[in-house]
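The following pair of complexes shares a single chain, subunit A, combined with subunit B in the former and subunit C in the latter.
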Partner chain A sequence: MTQQAGEAMTPLVQNAASRPSAGTQRRRSRPQSRWWSVWLFLLPALLLFLYFKFIPMFQGIQMSFQRVRPFLGNEWIGWSNYIAVINDPRFHDAIIHTLILGFGQSIGAVIGGLVLALLLEGASKTLWFVRTAAFLPVVTATAVIGEVWRIIYFPAPNGFLNSMIGTVGLDPVRWLEDPGVALYSIMAVGIWQGAPYNMVIFLAGLAGVDRSLYEASAIDGAKLRHRLWYVTLPALRPAMTIVLVLAAVRSLRVFTDVWVLTGGGPAGATDVWMTRIYSLGFERNQMGIAAAGSILLLLASVALTALALLITRKRAEK
Partner chain B sequence: MSTTKRLRPARSQVSSSSFDTALGWQPRKPTIMLLRAAVCAIILFVFAGPIMTIIAGAFDLNPDPTRLTLFPTNPSLENFEVATHRGIWGFFWNSLMIAGFGLLLQITVAVTAGYALARRKFRGQAIVLGIFLATMMLPEEVVAVPLAVVLGDLPLVGISLRGTIFAIILPVAASAFSILVMAAFMRDIPDEIVEAATIDGAGEMRILVEIILPMCKPALGVVAIFGFIGIWDQYLLPIIAANRTSDYMITVALASLRADVQVGTGVLLAGAFLALVPSLIVYLLLQNSLVRGITSGAIKG
Partner chain C sequence: MSKNPAQSRRSIWGGAALAAMLCSSTSIAQEALEVWSRSGPQAAETYKAVFEAFTEKTGIPVEYLATVEFETQLQARAAARDLPDVLIYDQASMAAYATAGMVLPIVPEDISGHDQLSEASWDSVRMADGAYYGVPFSQHAQITFIRSDWRKKLGFEVPQTHDELIALATAFATQDPDGSGVDADTYGMAVPGTTDRGFFTWWLSSYMMQRGGSFVEGADGKYAVTVNSPESVAAVEWIQNLFCGSPSLVQPGALTNASATPFFAENHAGIYQTGPYAFANFDRAPGKDKYEVVIAPAGPGGKTTLTERTSIYFGATSSMPEEQKALAEFLISPEAQTLGMTAPGQPVVRLPVNTTLDAAEIYGDERWTVVAEQLEDSELMPSDIDFTTARLDIAETFQAMFSQCTGDIQGSLDGLAGRIADELSMQDALQ
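So, the complex of A and B:
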């Protein structure tokens, strides 16, 4: 049952385009449907997307070229907002933080997910229970996770994590208050939340590895690490590429984790692209500059997605 | 879970062997079993431990903000009483309404649009699909700044949604992911079944509701759990959609509980517990759908 459904859903996008031969047959079998009735079915989705995706997008483009002034009317100011973003050193820092965070979290969550999957692979009920429990961070709301990690990261020597590292003789760390550490503390939470998600993907990949290859490699005298390197990892590589690409695109717009854990502080040390936009737009009422930052974020995501598609397409052709 | 998919060689169906797992765990060897148990305990502590401390801390009367426990040492409901005075149930109710109606609407939209894409052929189909895919590039965060303006003054209609639950429900109601999951599943329903119903004289709406929908339960499960997690996890949208703080969803309200110097960590954890419980219930009910959704999307891309 599970497997059938999974198979049915795999060709998500490719097949959504059309399947001409089956379609023409279908049309004949439904004489009473009018040509316009299909648009009634599409209307809710199209209307909602228009109002809450496309109109905001076009309004965002418009605002990014304006000085936004409530009640006075907006004033057209050309590229000034974009120049303001580009010349803002705090925006530079924010973009660099976004890239560090995105890179670290994506790679870390892949490695973490791989380790979890390898350690928790197996059919027993106990392992199933541990996997179910280990997955909890994924389904828990990011805000809830942020709050509990703030407590775990409590900076005093008797804070939860500090007292734990204290038992092995390490000095207490001001996890979220030290500008040199805070970004990496956030990264750790992101990895903690992302690894179990990747674990599920890798477990499915591990289940697909041909068991006879393991036996064959054992007969050939291969050690465990050779078997992992030459048999297991190549089987997981396609899943790994997809996971990394999705994580990279998503990481550009990271907001909630950072906002709840540090709010971009201390002194902007953990400011990311979206927290910078938020502060500019909603706290300092610089809506025009914030809109320009948003449009740049959109362009970056589109570019990264296009690049990702190109890479995966190339891989598929091989 | 995924292990049920495995096609085992005939021999190992009788006795499990070290070739069952990539790491080659040998079953029934005491030292190995002990090692596995230790690994499981560590993983449970690291990944489930922080979640457990929310539950324990919510029911624990403990003024020390640095202490976290896996089990309440001083069981009490006082944290919830204080949280009640801070209006936590109002935020909880906001969240439930938004998640409930938002999810219902998202499923409805996904079913109708998915049906049109999968079972009908029409002019402009490729364009509609392109539009749906394009919206995946426009998550709430990217359009947040102008969306705040749009929510305050809907173009053409000129009404403000801000401060109502519709300001959150409507933006999350259409999800390209949900639509594509439904479309992909509906496409695989055999034509013969639908044709038989057509000959019996059933209308299109009846065919969708009475024949196609009951066959789509696995896809509905995937859409439901991903939709719920997506809506419950909203943070930026509830902030920009709110008129006053009482409009917040519970996830956003946690920050004000934390900032409130008069209440301790226990009260914050009581709020976090309330924000956690619906996720836990939905996860336990739809766990298989979640795993199915994750793996089907990622393995082949």
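So, the complex of A and C:
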């Protein structure tokens, strides 16, 4: 939840930064102002960042080249940790699972969010209530969601979901226990939780669509699906970009859902990048290899973000 | 809009104070002995009572932390090179901490009262190189819990053999022992199949031994891998049938449940093999009169179960060696051992390591006689070598076999045996 809040903040910060004119005027009217007062205001945040983000990050990079033994002295071992990660078949599986999960969840949550937004757009009081209800999964702690879904997915024939599909004659499914199904069960929970967040962004986008375009197209005889395809979707393109970039970056770091629902099991069928790192670091005490895995994750996130920004900027230039 | 100088001064001081706060380390002189245990809230109450008695007796204050996220929090403190002074934790982790240099070696003869502990107790805290790294604190064996009300209702005797155990579990799963009118809402056995900390391996080891199989065999720091021997393969086939047979005899979700305890407590499963620490929970639900505790039913390999031990370790960064020793000496004394069994909460000393005490007499509860009897026929997992990686690998491999059901058991076990052998030879512990 905090991550999402953090990501949502970014556009605001950029907005503030892109309005320099007001600041320059004020500075001219106050020549006695000192240059370092700006830094003074930034100092508390910078110190917190330094202490809780940058120093740990550099230590992480350092650890990724070491055999970590705090009490016997760390030992420099060059690229061995990275080689161990790259050659570990369990890590390959974890990366494939992360990609499947990320891709499925992102696409699912975008489609789900779009459908919800189209259904729930409007100003009526009841819609406001339904929208709030739909948004609840986003503000609920993932650990709680995990427990609720564990009950829904209870694998006995009298489990919640199994008794529902039983009414239409389907056999009970071992949702989180069957290695072939578990990953998709987690994906469904992720979509359920992520779609309402996207809905809010799409709702904001929909509010900006010029009403007259709808009317004009209706007069020209466009059917509902034509209006969606030629008016609504093009108007939502900026919102779509934001949603996809956020989803893609977030999906690499998926952890809590998986950890609470299956702990990476059964038989490693739902092991993702982060659960693998956690297991290596905290269960097997191989901090160096875990650090190398984390740094690779960082690089992948940075690369993905850069790629997304590049695409966005190219499109904006057009 | 001009800035008030007083305000700006205040912000400078504010910033400086914040900077000082962030940069200051814990250089204040230590006053209390910091003690950690891996415990839930109930056991923590008992530990608190024990430490209060210690402070009263010696005047040494104790700062106590009970956590179930023990490993994670300890890793963080290890990275900061500032460990708790005393750790009270599973015997299974001693070797990992000792080889990492996190806990200090101990000379048993220096601990007063060491002669009141059995040879077997001291053997359990000895590493492969002959050095001792812990002081024994508590011991017990896993025992079998059975819903006696269900058993009597369905007309079964207490199971003495594995065949009778299977018959009872099958009846629990199929004959509606709770009288709810629904057959499929009760299950035979509650199984903690989670791979978290390799927990599944502990549960499995008892049944492996009872079927005549084993993971590794040996002693004194040298082990041979036996997990793929014909006896072990046969044992695994039998255990897999509990999960994959028809009807399945374990609770649904056994392999991903974080805990199996609720299934026994909430009237879903009728048989549960676990430690006596569960008494406190199960006396509340399903209720003290509704379950019984028995010696493990015998398989072809006997009725051996897993020994579990808790020991006291000295953190390597401590500046209070005298106080560490004083606490250990107190904790193995008859007074503290008795308090650990009887103080309100949950017994943290399950069976005393101090041989001058009689547990059954102190508890006044014959269930503890069963635990003591089972302890005589129980085995510790290797703890003089770092078995952590092997334990996790065993848990994961068995989970994979039992979740797929169709797996090639011999092939999986051969693969596992190879990996355990690699791990052991890395530690120079392969026979």
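A few points about this structure:
Throughout what follows, the second predicted complex is superposed on the first by the 281 of 318 C-alpha atoms of A that agree within 3 Å, B and C clash if a C-alpha of one lies under 4 Å from a C-alpha of the other, contacts with A are read in each partner's own complex, and residues count from 1 in each chain.
Here, a residue touches a chain if its C-beta (ideal position, glycine included) is under 8 Å from a C-beta of that chain, and two chains touch if they have at least 3 such contacts.
Fair warning: this is a prediction, and the values are worked out from it, not measured in the lab.
Once the two complexes are laid over each other on the shared chain, residue contacts for A:Ala156 go to subunit B and to subunit C alike.
By the touch criterion stated above, A:Tyr51 is placed in contact with subunit B and with subunit C alike.
Contacts of A:Ser37 after superposition on the shared chain: both subunit B and subunit C are touched. In the superposed model, A:Gly265 makes contact with subunit C only, not with subunit B.
When both complexes are overlaid on chain A, the residue A:Ala247 reaches neither subunit B nor subunit C. By the touch criterion defined above, A:Ile201 reaches subunit B but does not reach subunit C.
In the superposition on chain A, the chain among subunit B and subunit C reaching more residues of subunit A is B.
In the superposition on chain A, A:Phe71 contacts subunit C only, with no contact to subunit B. By the touch criterion stated above, A:Asn285 is placed in contact with subunit C alone, subunit B being left untouched. In the superposition on chain A, contact is made by A:Glu177 with subunit C only, not with subunit B.
In the three-chain superposition model, subunit A touches both subunit B and subunit C at residues 26, 29-30, 32-33, 37, 41, 44, 48, 51, 150, 154, 156, 158-159, 281-282, 287.
Subunit A contributes residues 26, 29-30, 32-33, 37, 40-41, 43-44, 47-48, 51, 69-72, 150, 154-159, 174, 176-179, 182, 261-269, 279, 281-285, 287 to its touches with subunit C in the complex. Against subunit A, the residues of subunit B that register as touching in their complex are 1-6, 8-9, 12, 16, 19-25, 39-40, 43-44, 46-48, 50-51, 53-54, 57, 65-68, 108-110, 112-113, 115-122, 125-126, 128-129, 131-133, 135, 137-139, 141-150, 154-155, 170-171, 173-174, 179-181, 183-185, 187-188, 191, 194-195, 198, 203-204, 218-219, 222, 229, 232-233, 235-236, 239-240, 251-252, 254-255, 258, 265, 268-269, 272, 275-276, 279-280, 282-283, 287-288, 290-301. By the touch rule above, subunit C contacts subunit A in their complex via residues 1-3, 8, 11-12, 14-15, 18-19, 22, 71-72, 75, 78-79, 81, 96, 100-102, 182, 184-185, 194-198, 252-253, 255-256, 258, 316, 388-389, 392, 396, 399-401, 403-404.
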